[in-house]
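Each chain carries a letter (A, B, C and D) given by its place in the written order, and its residues are counted from 1.
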């Protein structure tokens, strides 16, 4: 594979704990002692919250060796040891086990094409085994890219039942990440909780401005000179989840709501893909309804 | 003068009326017929509101000739004639009569320096006969640039009386435009009405997000990935006036509120100066609590 | 059609001549007198070159009436009259006769998808009757969008002959605009002259920096902190034609040449589509190897 | 002091060496073992050049304790030990010993004001004991900010002699960093070598485009749609030194060279201050005529 961060000897460790001296030294020493070489390490301390966060991207030749399972066990034991000592929460991600990402769409295609094209060009290190929609509209796009397409029509009455079926399918497909690529249904709190910090939504405004429906029309009404987009983890509070990425573009008095919709498409797909990429590279830690994006 | 838009033969006409055919032809023909040459014309039609807006920047050699007053009268009669026929609101601004701008400040100096430096370098076509403050702090800055500095301490009890004195002073100084360059007092509705569409404020957030006090702290609390600034005309509804200019800069989890304040200074001064320049070039029309910025 | 600028009663007039007083009045008066209503007019004077440029977007109900040909003749006679008086070069474009655009591609797909998707979503007012390539690679994309795909393999020996065949095909298809959407062949001076100011190329650097081959590798070598893209009209001087649009994105020491290629794709497609849209809206005038983009 | 990165217990270590496994662990372990706590660590490996770079910002309480000199000696011995083992080049910077920065100016004031204002507001952690100029013009600015101002008139004949006097003064003042804030003289190769990687220049174009004189006029001539600024370390090859920071702003056909100069001022001061801040925070490593900016 071209992108060296995807070599099968690579892994990423994400760690969170209460801040205290010696954390960086302890983790780097433990990884080194068992044969791993740190390629990239980044940490953050929130002094007010007293929280420590670290992302370590490292290389361990034995992850691609004859006893790969043994190497994994040894690595996890090492991390578990340090984590126990410092009461860390941690997660290990192996480059040879790509994230399995499902896309949820309705009728709008620009974010769907964008993610599928980036995936095909090698920008997104993941598998896309599934596209879910509440409409048939985008099936030809899924077929063009050779991705299975499943339609679940939703009505107010069937919503709970449909979501249960979707969850069953997503779990059966071992989906790690759900991306709402302009999916025009509100997910229930139960759904969001089931996939906590694993559902990314794109909202077509610079949140917290213009939360809720028809944000471009709200923006037009207020006469703003920029419109934006916000990618965030979906939570039971609509449009209130932890923000991952945001961007804006300039608009003027010449832009009618339809122009804002058109211009907004560019920033929506840019922002969504940036958030998805950060997630797939295991760069995001969530706390206090905010994100650290390494 | 270097900037040709400031030549003494130049003038700017701003016009608003109900949209109807022939407006562009009528205005350009009338100006041409009486000896003016159009240098730059821009118009906008809001099809929903049915409104027409035009800005015409033109050259009339007689404005710098021996009978300047006669030329002005003739020009105004011409415009008045077309305006009467089409029920236009209009305003004529002559480059040889620069806008008189007063700056209101408190203790923060970055916007004040920025405007004074831009003025001295010739970027802002105006006179600055007066700086008003509720504190002594920035007097040395005013003295460095040779601008009279007047202090009006304000308390809740004295506010009405102080504003009356300020209005008297501003009127005596024939002030056309007031710029609140981080002035930390809320102007009353009476004050704003007295100087309708002539008071520009800079709010340190991307409105309508984070209206009200301490916007950088609000932004930090929400975990946004951009912070912004908004220049708008002050109205009796705090932070709700017509927006003139906005911009944002990226921030990250590494930025504490103090960092947002620091980073925000750059975008505040950029946005405020852009709005002030647009006003001084007579590029702004206000309607429906929005702006057209030609 | 949704976009009102594409209504069949709309037309756009582009005019260039030596600067002199009364041009705006003459054109607007002539159009008004024969029944057209100006919706949007923009002009520019280059004082050093002494050149005047104007773009007028107007509405003429008779262009959609029963005698459309008569209306067109009358309109052209009107413009020809003013143009003769003032020695203007002019072009009239009717919204009911969309530009016919051919796309030239090689193996890279991101600009091709981008333009086809924007076209399908209604962003680009044109017809796309033809995609030309020197490789078979992108045929499935053309088929997905239902656009005829013609392959012309090129070698150094056959180049002149192949270009002659391409020109014959393009002329037979009445192609108005050719967009080189990452077409990896250098067009001859003869080809560029045949389609003067009608071939748009995207160069993957901020010209004039890094003209020529492998610009991202050049940029990496110099250690720049931004990489860019430039859309320009192709001329016989490679990478020296009139620039239409440019943009950049930040990069850092972490970006290897492969990362610059990846990041660059986003700015390439944005810049190219912006230039194509400006051309299709008849916003571009060319002079002195530069562009006016209204 | 407000900014915690300036606490007197803080220090920054910058390290460069050939890449090999275990470097991160060795450095973090050594610092931890002698009582330092890592607050922020960032590293970079250039796989092609085989080079490793690290910046570690850490806290050592004894640096503010009763035996500060002993703490410094102990810290340096620790680093020297690891460095010897891995053949590292290294530099330690203590927050309680701020960089001494001299500003070189001519007649243009916007970059000078910008740096002095940022310094006064606490954005730049340094001392400014000296402003050097070849003209008297900006003395009032220096006086307004209370900074000594020294004038060295330069002619072609006296240049070598004047530079020798300047170097003597700068050395006597123990100047660590020289910032050419629009200083309109070319420094000799000898001068640049004497202060290698310690002279920051701002060039008013997006290098490598428009190197040399009058870059805004060059940009106007080429008809570019963006103008930029580049901050770089000065070397004996004019405009060819390692680039630290760059940015651009959009321009259009409406902008005459004088407008480019005006618009460029904003981006010049932003880019220069960003580069200066990065240097003062010891974020920059130089190699192969490029920079790593952590």
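Observations on the model:
Basically, contacts are C-beta pairs under 8 Å (C-beta built on N, C-alpha and C of every residue); 3 or more make two chains touch, one makes a residue touch a chain.
None of the values given here were measured: they were computed from a predicted structure.
Annotation of subunit A and subunit C: jointly contacted by B, D, touch as defined at the top. For the pairs B-D and A-D, the larger set of C-beta contacts lies at A-D. Taking the mean of C-alpha positions as each chain's centre, the chain lying farthest from the centre of subunit A is B.
Rounded to whole angstrom units, the spacing between the C-alpha centres of subunit C and subunit D is 43. One finds 37 Å separating the Cα centroids of subunit A and subunit D. Annotation for subunit C: residues 47 touch two or more other chains. Note for the complex: subunit D touches subunit C at residues 44, 46-48, 206-210, 222-226, 228, 242-248, 252-254, 256, 288-293.
Contacts from subunit C toward subunit A in the complex involve residues 2-3, 109-110, 113, 117, 121, 123, 140, 144, 258, 262, 265-266, 270.
Taken together, the subunit D residues at the contact with subunit A in this complex read 4, 21-22, 24-26, 28-29, 31-33, 37-43, 45, 47.
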